[in-house]
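As written, the chains take the letters A, B, C, D and E, and residue 1 is the first residue of each chain.
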Amino acid sequence: MKRATAIRLALIAAIVLALELLTRTGIIARFVAPPPSEMVAGLWRLLLSGRVQPAIAQTLGKIAIACASAIVVGSAVGVAVQRSRAVADAMAPFFTAYYAVPVYAFYPLMIAIFGVGEAPQVVIGFMLAVVAVVVNTINALDRIPRVLRKTAAVYGMSPLEAARRIYLPHAGPYLATGVKLAVSYSFIGVIGAEFIMSRVGIGHEIVFAYNNFENEIMYPLILFVLLVAGTVNGLFYAWEKRLLSRRSRS
Amino acid sequence: MNVAATDAAVHVGLRGVTRIFGTDPRTRVNALGPIDLDLRRGEFFAVVGPSGCGKSTLFDIVAGLSPATDGTATFEGRPLDGRTVPEGVGVVFQEDASFAWLTVADNVAFGIRRAGLGAAEVKRRVDDTLAFMGLRDFAAAYPAQLSGGMRQRVCIARTLVQRPRLILLDEPFGALDQQTRLIMGEELLKLWRETGATVLLITHALDEAAMLADRVGVMSARPGRIIDLVETPWGKDRDSRVVADPRFGEITARLWTRLRDESMSALSQKAG
Amino acid sequence: MNVAATDAAVHVGLRGVTRIFGTDPRTRVNALGPIDLDLRRGEFFAVVGPSGCGKSTLFDIVAGLSPATDGTATFEGRPLDGRTVPEGVGVVFQEDASFAWLTVADNVAFGIRRAGLGAAEVKRRVDDTLAFMGLRDFAAAYPAQLSGGMRQRVCIARTLVQRPRLILLDEPFGALDQQTRLIMGEELLKLWRETGATVLLITHALDEAAMLADRVGVMSARPGRIIDLVETPWGKDRDSRVVADPRFGEITARLWTRLRDESMSALSQKAG
Amino acid sequence: MTSARNNLLVILALIALWQLAYWAIGDLALRPPLDTLRKAAALIASEGFTAHLAETMRAFALALGIAVVVGVGLGFCLGMSRLAGEVGEPLLVSFYSLPKITLYPIVLLIFGIGMPSKIAFGALHGIMPIAIFTLGALRNLPPVLGRTSRALRLSRWQSAWTVLLPAARPEIFTGLRLGFSLTLIGTLLGEMFASQRGIGFLLMQAIGLHDTDLIMALTLLIVAFAITASMALLAVDKRLRHGAA
Amino acid sequence: EEIVVSNYGVSASGMPFAVAMEKGFFDGKVTGILSSQGGGTTVRNLLAGDIAYAEVSPIAVATAIRQGAALKIISNNVQTVSEFGWMVKTDSPIKTIADIKGRKLGYSSPRSVSQALAMLVVEKAGLKPSDVELVMTGGLGEALVALDLGAIDVAPATEPLLSKYREKYRVIATASELFPPMSNVVGVTTQAAAGKRGDFLRAIIAGRAKAVAFMKERPEEAAAIVAKVYKLEQPVALQAVRNLNDAKGALPYWSTGKFDLAGLKEMWRTQILVGAADGDIDWSRMIDESFLPEGERVLK
């Protein structure tokens, strides 16, 4: 574990260093990407200026709502669908094909349903994330040994109680994959939607900087998204490891 | 073949019980029966039989976990509906059913806490049961930190703490090596003596059945019927030393002979 | 305690073999040994021992799957490096290791096809082995269509078809019920007679060891050492009827006595 | 047989849901199923559509090939070594959280405009899910398979190819199904940045001209394609599983 | 050899390229026209794609040049924002821009031309910014949905969308009636290409100029070509071409390439107005007129 973290950090350092060299020597033109050191400095300045704080707060708030509701709704739907093997099997191809829907073509529809506020972005983040959670919940529940189902029956539990007290706790570590994907997809969904239809938010700031060739703003913001996503993923990764460590001989 | 018993003495009663899986005539499986069997109140009954003969199917019916296709099954005089496990019945499965996300103490407390017992009473009962099952030092451990045998003991403790009047065990020591099984068997005997509960033990180990049970039911190959009922001569205070008794050899030989043919026929069934 | 043997007769030689897991002094586990043991060419050797005593660890060292921490292990006079399984050694694990994506025939052919044998020769050998293992009718079936015992037979066949001079089996029948185990044991004996290979069988069933082996090694609780070597008096053409022999009872009683204490101490170790 | 029937039932349910949504929301940004189907048929028959389709399919096929090879390869590299997995997985997942549009300038820089960057963009979307699923599949394989490989004296490469890959196939297939959809959408996105034909180009044109008919028809075709592929992959997987549970 | 045109196949600004391609006015020098998302993407495509010519908004070019991109503006392709108009539901009480007081006026996205024009409309109507609520919809298609829903009262639209929906909604004003010329689209090249590819660039500008003239002379034939490339109904295409040909104003919508410095400055000013740009810029230093015909060079 410690060794892995060290190697990971070393790897990141190596990549950053390589980028620094490539940009400093001009192999990557400054117009395309500034050196990482300047990105970090830029991010620092940007945060100090206070200019992007509202955008960051907005975006992270939207991501949190999208992600949390995707996890809640996704596991509920997953539990419901998984109760019938036939239903789960019949829906399987549709769950994966769902990701081929060009969501961005349906912003008008989003507006028609959710109006012209910030709601559509949350909805898009939610919609991308929720299916990943559903699919994974089904996968995770499929692994529940029959004996635990029988145990629930022995206690005379209702399906709901069984899901809450036995199935979901048992599947916890396996649900982690779904949670990780939910984090990824709510980031992608919310920020992606902000590119197109938002007045505020990191996505909007990035796309504005992109169009204005303000690399010293764009890259720090991308870096910021990476850092936040990395931190959130890291937390979930640690949580998952803790769950798993309880369940394995050290 | 079934030994008659008076109504009050009958704890579990099976009459003409059968079980058929599936409805399509081409694929349906005649898994069990017909079975006529009475378990007497307070007796230790073991069932042996070849693989796939319907032991677990029988077990599920007695537990109230699944319905008989035909015939009637009663527990304490009331019919089992095949959907709910009646109060007073404790079930231990062959597989490890401990809750990996709970500590040993929380595992054991699970059922009685759900039943709404006060915290103090829960603690007292859990502590007693853990002590009895030799798990006191592991109250705060998680199942993964225990050996397979200890995890099985956790499941037994979780069942016992509810003080069932009928204890059902489906090959509970299947995952253990032979030596550990015998030691666990002794603990089970101790428990049975102290609680006075009726015990139904399903096993494939003939020596285990011969040593532990008052009566051993031998099942035929599928569809499983009771083809022999063997009464053992041991007293209530028996332990694993009975294996040295010459009658022990006789009993296991009788079981083995009954079963060898049945096993052969079960194996060829599987191949078919 | 080890029976001396001339060099040519020694198929596997272990001298002062130990195994320690981990390097951190606080967490490291002394799993095995020291072990001194010679397997004679063509003998059937069984190992019994309490759970967790290091049987599988010993198995891995003899197979060349993992290195000894100390001491030397040789196969046919050449040292084992602990990374490669030497040619001539066949390994069957406790778990089902059949390849679910291949038919039974392809499973069995897997090893020899890779070795570059001609198609006709592969077919001949596979057919022979399938016939021998009673799997001929299932050549085109997939493992999922077979019972657990038959799948284990597929794994054994996959190993045998390579004609190993040393066959290693780690509780190969662990997943089967007792009756089926004995039947499988007889097949194993037949096989051993016909191939003349050396067999090392790890098992926790004492009767199985007593019936099948020429010599039975009894291991102590962890770190496992050989605390007893029991020679059986059966001839090469033995089968499961030896269980009726009075000497069979003696042998199992001796094994059982040796093990009861060890099991107790293993159980309390686990608790510790 | 019954699974085909169930799939059909789901399709019917989805269409019913779609029709209901149309009745609820109206003509604004939605078209009813039947109209869309008609429009899609007309679109397929329309002149020049095959050129658009061929353009996208060429890019998509290549992108998918790359995504599969790189994704499975990456999954294997990280899945066969515990350390590599621990080092690599968090990096991969975090990187995957980045909206891919932010990477367009970099992709453009490396691959230039046109086909290569379209392919790269598609592959970029598909690699990660395939890698993550492959990694998970390998991690969950019973250890006895690895030991068996060694007992059969297989080299690392032989073991990966002849034992681990087939054994992990069911979960890898789930990754492939997801990867298929995401690579497809990635390729279309790539076409929306710069192209002169292709399905992505048509879609961009439809969005720009607020041509809801065309948007719906194109989406229907895209999704139908993804569903068909997903079903085909499922069917192949099922056949290869030979009745295992 | 390919060139890049922002929103080709969607935006009216690129129509002359469709005509020039179809009629062969480029003498076969141009093999394909890449449609690119506008603004930053087009400029990036130009720079990274080894491409010599792009049509893009002057704001994007000016910003890129300020950030150090080696670009030159070589032609002024669209000189007005005549493609813009504002529509209301047919039953709306709003008749002219004077009626928008207290109403909701839509625009596509922040710091876009549509936002700038929305603010100018308010100004033109003689109202204070606080008199009208400006609502962002994300895109122009989305604006129409929002209009239908009643989320906004007035929606912006551009040609050919404007012509397409003329029947469904009522146009209350067009930009050509309201605003002075503003240069909306320019042709650009990289400095490298400017040095080496003079003939090619001249051919493109000349071919495009020929197409602009053709569209004036033969609107029906031009509209037929546009209808095919832009996937429009013939009458809608014709209407769009006519509207833009006949838009009143000091300058035509499609220019042959001749620069209008005042229009460029005006465009920059609107961007400052919405906070998308700041400071002054010197357009003449970014412009290279050498690829225009002698007679069209107005700066020197």
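Note that in this section contacts are C-beta pairs under 8 Å (C-beta built on N, C-alpha and C of every residue); 3 or more make two chains touch, one makes a residue touch a chain.
Here the structure is a predicted model, which means the values were calculated and not measured.
Peer 1: Shared touching chains for chain A and chain E?
Peer 2: Common contact partners of chain A and chain E, which must touch each of the two, are D.
Peer 1: What's the farthest chain from chain C if centres are computed as the mean of the Cα atoms?
Peer 2: So the chain farthest away from chain C turns out to be E.
Peer 1: Pick out whichever of the two, A-B or A-D, is joined by more C-beta pairs in contact.
Peer 2: A-D
Peer 1: Just the number, please: Cα centre separation of chain A and chain C in whole Å.
Peer 2: 49
Peer 1: So how far apart, in whole Å, are chain B and chain E when each is placed at the average of its C-alpha atoms?
Peer 2: For chain B versus chain E, the centre distance works out to 83 Å.
Peer 1: Just how far, in Å, is the C-alpha centre of chain E from the one of chain D?
Peer 2: Spacing between the chain centres: roughly 36 Å.
Peer 1: Please output the residue numbers of chain E that touch at least 2 other chains, ranges allowed.
Peer 2: 48, 139, 141, 144-145, 148-149
Peer 1: Of all residues in chain B, which are in touch with two or more distinct other chains?
Peer 2: none
Peer 1: I need the residues of chain D touching at least two other chains; which ones are they?
Peer 2: 28-29, 105, 109, 206-207, 210
Peer 1: All pairs of touching chains, please: list them by chain label.
Peer 2: A-B, A-D, A-E, B-C, C-D, D-E
Peer 1: Taking the touch rule as given, give the residues of chain E at its contact with chain A in the complex, in rising order.
Peer 2: Listed in rising order, the residues of chain E that touch chain A are 39-40, 43, 47-48, 60, 63-64, 66-69, 109-111, 135-139, 141-142, 144-146, 148-149, 151-152, 276.
Peer 1: Touching chain C in the complex: which residues of chain B?
Peer 2: Going through chain B, the ones touching chain C are 50-52, 134, 137-138, 146-147, 149-150, 176-180, 183, 204-206, 249, 259-260, 263-264, 267, 270-271.
Peer 1: If we count contacts the way the header does, which residues on chain B are in touch with chain A in the complex?
Peer 2: 63, 65, 84-85, 91, 93-97, 99-102, 111, 114, 142-145
Peer 1: Applying the document's contact rule, which stretches of chain A touch chain E when the two form their complex?
Peer 2: The touching residues are 30-32, 107-109, 111-112, 115-116, 120, 196-199, 204, 208, 210-215.
Peer 1: Please output the residues of chain A touching chain D within their complex, sorted ascending.
Peer 2: Contact set of chain A toward chain D: 1, 3-4, 7-8, 11-12, 28, 32-33, 86-87, 89-94, 96-102, 104-106, 108-109, 111-113, 135, 139, 177, 180-181, 183-184, 187-188, 191-192, 195, 203, 206-207, 210, 218, 222, 225-226, 229-230, 233-234, 237.
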